[in-house]
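Input: structures, listed below.
Both complexes shown next keep subunit A, but they swap its partner, so subunit B is in the first and subunit C is in the second.
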Partner chain A sequence: MNTIIAQPEKSFKQNMGYALRKYTTVFHVSIANNLAYMGEVVFRTIFLVVFVYVFLQLWTATFAAKGIHSLSGFRISDMVWYLATTETIALSLPQLTRLIDQEVRSGQLAYLLGRPCSYVFYHYAQYLGGRLVRLVINAAVAFIVAMLFVGPPPFSWMGLLVWPLVVFLAISIDFAVYFSIGLLAFWTEETTPFFLIVNRLALVLGGVLAPLEVLPQPIRGLAQVLPFSAVLYGPARTLVHFELDHFIGLLVQQFITLAIGSLVLFVLYRIATRRVNINGG
Partner chain B sequence: MLIINTFVRTLRFIGAYTVANVQAAMEYRISFWVQIFTMAANDSLWLFFWWTYFHQFPLVHGWQNNDIVVIWAVTACAFGIAMGFFGNSPKLAALIMNGGLDAYLGMPRYVLLHVCVSASDPTAWGDIIFAVGAFLLFLHPDLLHFALYVLMALSGALIFTSFVVIICSLAFFLGNTEGLAQQLLGTLITFSTYPMNIFSGTVRLLLFTVIPAGFISFVPLQLLHQFSWLLLAALFGFTTLIVFVAMGVFHLGLRRYESGNLLGMQG
Partner chain C sequence: MPIIEVDGLVKTFRTRERDAGLAGSLRSFVAPRYREREAVKQISFCLEPGEVLAFIGPNGAGKSTTIKILTGILYPNAGRASVLGLTPWQQRRKLAFHIASAFGQKSQLWYHLPPQDTFDLLARIYELDMNEYRKRRAFLVDVFDIADYIRTPARKLSLGERMRCELAAALMHRPSVVFLDEPTIGLDVIAKQRVRDLIGQLNIEEGLTVFLTSHDAGDIEQVCRRAIVINHGEIILDTPVARMKRDYLKVKTVDLLLEEAATTLLKADAESGKLQLSIQSPSTIHEEMLETEGITVLKAKGHGLKLEIDTALCPLEPIIAAIMQHCHILDMTIADPPMEEIIAKIYSEKGQGGSIS
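Presenting the complex of A and B:
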């Protein structure tokens, strides 16, 4: 009797343990795969260096033209460190939408659906591994470049401590958004336009180039009411100008955005997989 | 006469390929128009951002409010023409690496041109529509200024294409340079869309030589502000030079090319 009752409980724990080990392995394999192409990952940082340099020049010219030393509490060095942080996150985004799009169009999805793991979580683990490698390399290059250009960072210990958490939530939101766009390949001829629009909106209104406080109206007003800032502006501001109130507000915004994004993803996935026909052969 | 005939034949060849490429892209009609519309919307979003930015934080050194519109209109049109007519050029590095040039080497047409025109990026037409639209809408040019704008966009397109050919041809000597080529093209586009006033010294020198962003947006901006035959000659001189350098580097590399015995269909 005891065995019968205990069995399902143990089995559930075992299943959870197996699942965790399974996706952890996918995560590790993804890291190893990305490390195998280190040259490509390093090449990608050229763009980051160019961006930081261009913006340093732009901010220097802007501050000189206005005759000011800080703007909304941000000095030039804060601006550069802010930009280095947002670019570290933004440029670490892998081509997730294209991958899902191709898997749907080529029919490779059918092979993956047959595996003993969730298609969504398999890709999430793979995505996290790839993004982690890019994040670390980007962060290292951005740190060196910003350090050379404007000196030591204005980071606080609290900011440094909570940054990994807000970045993890930010890249999880990215996953929900870009995976969902990839799934649109079930219904549309091309998903690139959707990716392009969402990605550009996220860059412009997400505060990748400058903190939202500094942006001119009406862009600032628009950016403050949209959820894009939870991915780039929020984490970067937390690191550069940590404020407890802002951090708590960001966490709430990130959890709500992630919950809605995940809901949309799973509803889309559920509807999409009903359209899949697998024929043996 | 022979030169004119060759020029006309080449233009007809480019035109025929472009029509075929557009027809192929229009196989998926909705997707084609959505891509064009999206790219035009994307460019408009960036222009709106930078226009409001420079309106609030104007630069000194003769910077005018509408200059950002000129920079974006010239760069987007040049890039659009380059990718619309010579849209296969960014794939040159991959073709070199995979032995994909085999399909072109046996053809009677000039190899480099044939490779470049054999694909077209549908989003490029969105860039062109945005650029011409923004130029006409915000700057209200007279016919002469519009003709000058078109001429400079064509020159910029040749610079973009030649630059892409040069960096992709490095694959003949260095192996896989696809990632490097993408990054350098991104760098050229980035430098072309920001005011040259903010750069000085060595960087400015680099922007007129190694990464020729100055000839894509800054020189056209100066020419539209105040026309000068000397500056126009410098622009055309540099364009001619970079086209010949691209052809030279490609041919130098082609001697090292090894066939992959790749079987392929070339429509």
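Presenting the complex of A and C:
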């Protein structure tokens, strides 16, 4: 069959240039859109303040009761900075699963699927923009709170330098996980239970409350082999207690987790788009 | 060469069935039952470049499914379709550069941002040359008269303003074909008219091919030149709109709120006892009474009067003029027959016993 349209073939380089500009613009627009929620994001940091305060009291009581100054190499101030870091990352997670779920159920994805761009990368860029705004606000509040409670951070220059990289990989893993759960809306009537299970497992086994080193065995061993620690424990540990061996191990863990997560996401997406059953037609 | 060709298109959805009650829910959990529902059954049609087609039918008729197949979002179970010579579900990305869609009940504007930001984003998505884009944006802002609010966050726009911005966004990349799914749904009379005029204007000025679905007979009458009626996934009528108007849209319902009691305009028929309009023809010297053939009084209560007028027998204007000569009209609504009635009539004329919903 002949086509009516005449479209010049683009080189690979041109295509990459266009793609980069597309998703960078989505990223920028998403930042602007999320700045409209500034008040809400700042308000949510109250939770972070309360959390850090409660755990400061808890660690102080625990350390005093045991008569120790450090636990598995972590002093009270390290514990507070660790907690501030994990909470900064954990509380910056946007409602990605709900967004995808609603787009599938409402048929809103018809708009995005009908555009000359990738549905997955469009959402990835949008997600990164939204998460960046939350991360920056959370980090600013967490920094002030931890400074007020326990004084200057124990960060090393190396830890500070590599932290953006490990956080970027961590939130990319989160994207693969929560986007895939959102895609389950193609098959299931409710994705919230899947989200809650994964999210709570990530909080408990990901080391959000305390470094994995302080957990008893066999929970510690289990948490260390599961991918959740690559998102919260790994980046926080890198910032608070930077060790080159640990950092390299974390990078390997993050790359493997991200590769498997992305594979699952794209397989699910490919199957899902073949069985699109958009509501309203 | 047709711009859209559809041949024997079939789309079947598989839906899970659940019996009522707790036992039904448990049974459905243990042994789920599925039902196959044919949303589109072997439909075939062609559309030439520059045509404005109304693709109409009641809820669940298969209109949106057809649009989603033609835009490459849904995969059909059988049949063939080509849009601009491309197979939509196989060449969706390539086709996307040349088509556009706007859904009246869904928005593509970023909720917290002004439409201009969405336009800028779409320029990047559709890989537009930025100088060309700025010219195009200026043209559409002018045509759609949206200069005053392209810098207002989308959430603060009225439905009519938002819809004009949605259409401008859809047309930013100069598509050859635009699929409009219920573009006037929820709009007030003035906003509806505005959207209809704009679609018509762009069809004439840019040769835009329009594929429009709607429940509103007004959209079809005023915008389209050809109508395809679909029901239960089957095409039951494919006809020029002029003929459709003559055959199926001639009866209008006029709802009036009068300053005086409605009974002052009516008299009871001596034989049947039915109420009839009884007023003088407008601007007549010899006090002729208005011919009432084709006028049925549906309801007369207090100051309200509802008439059904067959415009083939009795044009609207003289009737309204005659009523106005007799008393002051406080409010008036003129409505087309509902889609369900039109479809029932098509079936009855074809001698088929099709159902509507």
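In this text, the second predicted complex is superposed on the first by the 266 of 281 C-alpha atoms of A that agree within 3 Å, B and C clash if a C-alpha of one lies under 4 Å from a C-alpha of the other, contacts with A are read in each partner's own complex, and residues count from 1 in each chain.
The rule we apply is simple: a contact is a pair of C-beta atoms (placed from the backbone, for glycine too) under 8 Å apart; a residue touches a chain by one contact, two chains touch by 3 or more.
These figures come from a predicted structure and were not determined experimentally.
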Touched partner set for A:50, first subunit B, second subunit C, both or neither: first
Subunit B versus subunit C as contact partner of A:102, first or second or both or neither: neither
Touching partner for A:58 - first (subunit B), second (subunit C), both, neither: first
First (subunit B), second (subunit C), both or neither touched by A:196: first
Partner chain in contact with A:32 - subunit B first, subunit C second, else both or neither: second
Partner chain(s) touched by A:216 [first = subunit B, second = subunit C, both, neither]: first
First (subunit B), second (subunit C), both or neither touched by A:156: neither
Contacts of A:113 with subunit B and subunit C, given as first, second, both or neither: second
Subunit B residues touching subunit A - in the complex, by the definition given at the top: 28, 30-31, 34-35, 37-39, 41-42, 45-46, 48-49, 52-53, 55-60, 123, 179-180, 183-184, 186-187, 190-191, 194, 197-199, 203
Subunit A - residues contacting subunit B, complex: 39-40, 43-44, 46-47, 50-51, 53-54, 57-58, 60-62, 64-66, 188-190, 192-194, 196-197, 200-201, 204, 209, 215-219
Of all residues in subunit A, those that touch subunit C in their complex: 1-5, 7, 18, 21-22, 25-26, 29, 32-33, 36-37, 106-108, 110-111, 113-117, 274, 276-278, 280-281
List of subunit C residues in touch with subunit A within their complex: 1, 3, 13-14, 39, 49, 62-65, 67-68, 71-75, 82, 84-87, 92-94, 96-99, 101, 103, 105-106, 108, 110-113, 117-118, 120-121, 124-127, 153, 176
